[in-house]
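Just so it is clear, A, B and C label the chains in written order, and each chain counts residues from 1 on its own.
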Amino acid sequence: MTEKQLMRGSHVIGEAAVRAGCRLYAGYPITPQNELTEYMSGAMARLEDGTFIQAESELAAINMVLGASMAGARAMTSSSSPGISLKQEGISYLAAQELPAVIVNTMRGGPGLGNIAPSQGDYFQATRGGGHGDYRVIVLAPASVQELADLTRKAFEYADKYRTPAMLLGDGMIGQMMEPVVFPEPVDLNKLPPKPWILDGAIGRPSRIILSLLLDTTVEEEHNWKLVRKYESIARDITSAETFMTEDAHLVVIAYGTAARIAKGAIKRVREIGLKVGLLRPVTLWPFPKRVLIEMSRQIKDFLVFEMSTGQMLEDVKLSLEGRSNIHFYGRPGGIVSTPDEIAKEINSLYHRQHLEED
Amino acid sequence: MTKKTVFAGFGGQGVLMMGYVYAVSAMRDGKEVTYLPSYGAEVRGGTANCTVVVSDEEIFSPVASAPDYAVIMNRPSLNRYEGMIKKDGIIVLNSSLVDRDPSRDDLDVVRVPANDIARKLGSDRTINMIMLGAFVTKTGITTLESIMNGLTEIVKGKKASVMKLNRKGLDMGAEYALKK
Amino acid sequence: MEKKVFTRPRYLKDAVFHYCPGCGHSIIHRLVAEVLEELEIGEKTIGVPPAGCAVLAYNYLDVDMGEAPHGRGAAVATGIKRVLPDRIVFSYQGDGDIAAIGTAETIHAANRGENITIIFVNNAVYGMTGGQMAPTTLPGQNSTTTPGGRDISRDGAPLDLSQMLAIARGSAYIERTSVDSPKNIRRTKKAITKAFLTQMEGLGFSLVEILSACPTNWKMSPVDANKWIKDSMMNTFPLKVIKDKTNEK
């Protein structure tokens, strides 16, 4: 199945997960990501060593994943915004207990029950840890179906390598959309690095404990700093962003995921009328590509942050640039999907407002 | 070349399948494609639509604010999409169910009495292939042969008689595109 | 000639229990350790301790232990067991953990017939948090959140989770015992043995509910506490085999 094929985003995550060695999936129905849960039910049944559980709740699903991870399996759960809120308990424990796991959030309009349209309102929740305590989650933001396949593989690899939960943050559009995809070859589970920490019975070794209760405050403090050191090494190793037509740009749009696709379409339009505009697309939302942005701010004095939210990544852009450039914002929350024309208009008016044509 | 097409109608007309066959066929032609279906609550309402973008280069936005082409299977879909189609765009109408003409005069309209033709062919399931035959022939964006190849890939294992019927539907639709 | 008649079981660590005087947890820990040794399964067992007084069970039980969030023991145990079906997996949970915040996880694990074992310690109170009302608190029983006693019309009646679990198709063996007396302690050990055997034979979900004293939060002496189990708790939670389909197969 390494031939190019046209596949739905949700199914692609599932197939890529199986090929990445995922052997336990637990999930609970919620639109717009049910196709992933359904795909996993079939895919796991076809594997000799695969487990699919339709859990009674999001809480149960994430904790089944936690158990599977303790037992050494590559495991995944998925949901959409309201369901991800429920999973935050488990995600906090995964981070604290240093357990790998992959969580997929197909974002929809919110807060509350909201709607099922594509949205990017969960950026804060994803990149700030999301649950209680001082921790971070690796957050990968795919913008195409092929990238869904590639980043799903990476999510499992990063999770294992750093022993930490990794999240794939997409939205209803990228989950429902079909595009050509070529999958990487399946991993050989026997060739993955050993996990000398799992709970599989203390046969010929001392018993092990995986816990997060650290009543001794000095021990908990050290654990927190240990996590920070890990997060710093993650930031050094995996931070990633795509740049598009930024070389000669006077204005750079910053957008991720679906919003970045739309922004690219807009940039193509305004380039046709001579506006020098480029795009910076963070692929990792946490760690945020701060250095790329700082580097860029030497040339670029104006950035336009575009999000399908009221402005969340905007804060990371501000924190990264610390006043170095002008930061503008355009957002469409609530499940509204902007058109490239709409963004092009916004770019155009900003471009002239800032007199960028004179540069 | 980047062409965006909206396929719209109600559930059961094979609207999503039509877009999917087109997208797979164009992909096998070596094009970049995206296929974006309507989903969720919208689907429960009984309408079905999808947007297919076919391009020689990387496709940016999978949504179409102004589609180049529209394949319209019923009247509510005409009402919904008529105003969005690009100037001088092409619209392929299922004239069996759409009892009015577009009010815009810049559009190139192909009228295909798909339900009537399908009845003659003896299978309502060919409606979408009839429309697709007309669409492909009118726009020239891919060929009937590519569509047949795409269809064969998608429905692999289907009986030869079914494939023959599909081919017949494509051809009959194509005739209407050439009429004018 | 000296003859050793009492020794620390292989799967109990050489540690001093932190539990209060008269608390049933230390007895139950020991029983679990003895059973694991007698069944020769200690080295392939993974335990899941709860949030609650027994959260530190991993300091005492010398087997692989993986802590679950409050109430999620059955879900975590499910995840472990599904990945490692040839290992023995048990969760150890209190009444608040299993019958309030973790009710859903427990019922559905039983209903799916997860081949896991649950040691359910019922002391009719939230112990670690300081004696608040538990789902199993008796009518009229004082707690820090039911001053004047549990009022059924206001607070609901005690929840008999084991009965609820017995209704679930996938549960194979459920028994309620107590550690208030030497005789009942011996019965409890038998029940724990049977529960693990149920899992070893792949028969499905097994659970032993154990009535256990909490003299500190009950504000009683250990002797009075055990008497209260016998005189009061057992009326609401009678000791019995609640379900046993291990012979049906």
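Observations
Quick note on the criterion: contacts are C-beta pairs under 8 Å (C-beta built on N, C-alpha and C of every residue); 3 or more make two chains touch, one makes a residue touch a chain.
Fair warning: this is a prediction, and the values are worked out from it, not measured in the lab.
Central chain by Cα centroid: A, whose mean Cα position is closest to the mean of all protein Cα atoms.
Note: the chain lying farthest from subunit B is C, by mean C-alpha position. Look at where the CA atoms of subunit A average out and do the same for subunit C: the two points lie 40 Å apart.
Between subunit B and subunit C the centroid-to-centroid distance comes to 63 Å (mean Cα coordinates, whole Å). Computed from the mean C-alpha positions, the centre of subunit A lies at a distance of 34 Å from the centre of subunit B. Residues of subunit A in contact with two or more other chains: none. Chain contact summary for the complex, subunit B toward subunit A: residues 20, 23-24, 27, 32-37, 39-41, 59-63, 65-66.
Interface of subunit C with subunit A (complex): residues 42-46, 48, 55-56, 58, 62-69, 72, 75-84, 87-88, 104-105, 107-108, 112. Of all residues in subunit A, those touching subunit B in their complex are 4, 6, 31-32, 115-116, 172-173, 176-180, 261-262, 264-265, 268, 337, 339-342. Listed in rising order, the residues of subunit A touching subunit C in the complex are 23-24, 26, 51, 53, 55-57, 59-61, 63-73, 75, 89-90, 93, 97, 199-204, 207-213.
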